[in-house]
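A, B, C and D are the chain letters, set down in written order, and residue numbers restart from 1 in every chain.
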């Protein structure tokens, strides 16, 4: 218990729209151990960002956490009121968002935005807070910090802005950093820089939950990976195990799609169809309509997560057949 | 350069910011696109690759320089004279959500180029052509009367492709056609583009920032930085024997989808991207180049032959 | 079809059944009405109120036994009764009748010049925005000049020079009204012009006039509709204000503003003289505003509330 | 960067100047489109042709239009706006005190409009969808929908005639401003409230609000420290434009409450067919509006760093 930084169990987050309840996160359990980097991977609309928002307590209306528990460092978060949550946010858990362009307040100097975090959680003098801000800004690799401190966000490049976001997230040395697609909006060379920075941070003992659709990012950063599809976890495994031995047809397809790009074959591997509409999921396995190994049971019975190997769990009817092991 | 389908000579495009300053989006690019090939233009945001793509098909007038299509100059033509070339040169857009008029049906979207260029004599003929195009890009024919918002991203991109194909062009500029799509759908579109190239003998200029996509689809690659060509050559040559430092960095930043290769040292670029408003003197990459010398600041390197490729770097000649 | 390029079938949302929409316009109107009925019941009520006013104005002669100018001094200033639902004025004329006839003035002045200004403003704004350059600068300078007049003052000045009369009122209102609309349409055009689908059309070789008609106008339409519902009440208010100051419609014609102005003297002995026309102005203006509010929400043009 | 700011300021000033000259020209032309000789109208039927001629030429009305305009502009630059036909005094002496009355009224009205408007807008935004929100928005719509004369008369009736709390009309001390200020500011309060609400709601949906929440700010702190400043940017513009609107749109309020301001003076000038006076008031009002727009532009530039740096 003490070993885990974050323990999410049976989390359900729904949106209540006029077409009825949409289950963005459906019975998701995950665990981030101390110093571990855990990745969540999935295509757009699979609910991976909603997991992050639920942990941060930042689910917007008409969304709502409808069930499950989120335990951070032994503290249950779902039962906290907003004021208590505010003490946790930024201090114990922090978040880096996808769009560094819009995630910073456009009319506030970046230094002040970083410094603000200290002011919220600690009683320190302005000078001290400023000093700490300058330190963290240079620690995340921002050159000429004194000058950048007084810059407005629009005066910085995308890469620098994301570094500011990371500085903001790390200044209180939180036990958990959530990074939601931190490099999606960035150029390749900048992406590599940010990934290297996150790698370095992970070595300092902070646990990281990284969310991405990019298998490259996950492969480079994560120790343990959860694969999400249509609001549910379909497979989870150690990163090497998952990439070497993907068992879920969806994981298989995703990895195949990426690796066939690198192969010599003229025709690329694809997954037919599109991510289903969360408001209108099939009764059985959500992946069944796109699955090339779909069986009769898949259309009617929803599979459950089953352990298939050391730390490797799978949510697929194939586990019952001989195909798997 | 004489066998090129499309040739560009010293293309320059400046966008004025105000009275004094301007953005130097494309700064003197010469290249040739051969018939039937796929030429990829890669680079990071702001390197001028989209602008170059638009210059090549005459969608933007260049500040200076010229473009020749099958040996005929197409730069500076009047609308009437340009019209036949317009039909030969088409563009596929990056964002399939923004590039289709939300208030038009699929049939009207695909028919618009046919109607504009008065290709068909009757309405029936237009419909027949539209149906044919829908079939060739894989849109079910009964979706004829639907609106773009009723389709997914991948389907919309197919509509965009059908529209680009409507006039039977010789060359299509694909401006990041898959970067807005999920991986699995991205591959569907890439397969489609490949298939169409084979069946119709198309030539592509494929603009992308994604090196693995480029590697798969292109025959030749042109690497751009800050409006200039750094390196151009056959895909395998550029990927295996990258000669320009920038190309090396670009390839070194690729995040391999393989956890076993985590130990591989990524090559990280230092510093901040220079401004296209006020580019560095000499070689535009020198402010970030670890090998930069005094010569690089003084003189701009020209594209020089190196193996099968051409590279713009002073180091090569030393 | 090759299974590897298998077609991605998008599930259709429930309220968009598989049938092929009969007509685009019909579909959209039905959608707007459905959304209004669900989220903006006041807008529906407002629409009904507006229709009632229009009917009242059209059928005024049928709806009342009196003429709007029947002077009957024996019935001066009589309070509301069964005979005269809203009472009579200082000349013994039936107030309800005068109001019904007055609504003709208000509605016509509210709607006709607004339509004309919108037509002119849309054309000018779209051309300015799409063509840009010097044309744009000149048009916008002229619009600035026009907008630097308070509309009421310009109206008064024009009335002063041209004399009053319906045509002149129309003329004035269009003269004042086009500029604001041109400005909004221009900024909308500038935004739409940058959209890729407009660029796509341009690259395809579609002519500017066709781009404006086929791509820009339909996409500006929600904004224009909302502008219409907001301009009508402000025109009605301007007219009533002008008439109140004695510079609009002249007696013995009936206009709501004029009736209030005339009744002002009797406010303390016979408040009904002012009450009914005031109420009418308030209701019709509110109805248009509510309708505009609802439409803005449903059609979602990014207009700031004014 | 600095040079840029100066040139853009200069360009704006130039635009404003052009606009004012344009307005002056338009007024000038419009007022001379009157059928018949204004002097003849003024003097009535009794006047003989000779008198009309004499007065016309003394007023310069017999010269060609461009010459008249040049004369007028030159005069205006030296503070000479001509002499009122009807009141027989220099126009400057008439519009000066009137403008001061209007200015005081406008300030009072602006105070009412902005305090009430911002408070209601904020409250509605933070209680979006709740009963108070709908109530406030309903009232604000009423604010924009009521004709000014109606509000004015209602206030007069209730608070002055019936309750005798405040004076009916005219201004002897500050109490005289209360009712006109409310009448005039009422509509503006409505539009401010609506803009504040929509602007705050829009700002609260921005990504950086999530960032601030992720830092550990409470909802209230996020509103006050982050959203409010950015949400007020468009409101500031509206307020600057509104103020000039209040200064120039008080025709009805001033008439109902018998305040000798610019609005009432303009109405008198029109009814009296007093060209020089009307010219003077119109020009003044246009000047005020152009200045209001200029100030709105500048304020926006100052308060938004993105615009300030000319990006």
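Just so we're on the same page, a residue touches a chain if its C-beta (ideal position, glycine included) is under 8 Å from a C-beta of that chain, and two chains touch if they have at least 3 such contacts.
All of these numbers come straight from a predicted model, not from anything done at the bench.
The most distant chain from chain B is D, comparing centres defined as mean Cα coordinates.
Chain C has its Cα centroid nearest to the centroid of all protein Cα atoms in the structure. Taking each chain's centre as the mean of its C-alpha atoms, chain A lies 50 Å from chain C. The distance from the centre of chain A to the centre of chain D, each centre being the mean of the chain's C-alpha atoms, comes to 53 Å. Distance from the chain A centre to the chain B centre is 32 Å, each centre being the mean of its Cα atoms. Residues of chain B found to touch two or more other chains are 152, 154, 185, 188, 191.
For chain C, the set of residues touching two or more other chains reads 2, 4-10.
Contact residues on chain B toward chain A in their complex (touch as defined above): 44-45, 152-154, 182-188, 190-191, 194, 209-213, 215-216, 249-250, 252-262, 266-269, 271-273.
Listed in rising order, the residues of chain C touching chain D in the complex are 141-142, 144-145, 147-150, 152-153, 156-163, 233, 237, 240-241, 244-247, 257, 260-261, 264, 267-268, 271, 274, 278, 281-282, 285-286, 289-290, 293, 304-306. Residues 56, 58, 82-83, 86-91, 94-95, 97, 99, 102-108, 113, 116-117, 120-121, 152, 154-155, 165, 168-169 of chain A are the ones touching chain D in the complex. By the touch rule above, chain A contacts chain B in their complex via residues 43-44, 143, 157-160, 187-193, 195-196, 213-220, 222, 239-240, 243, 253-255, 257-262, 266-272, 274-275.
Of all residues in chain D, those touching chain C in their complex are 15, 18-20, 22-23, 26-27, 30-31, 33-35, 141-142, 144-150, 153, 157, 161, 191, 194-195, 197-199, 234, 245, 248-249, 251-252, 255, 266-267, 270-271, 273, 278, 282, 285-286, 289-290, 293.
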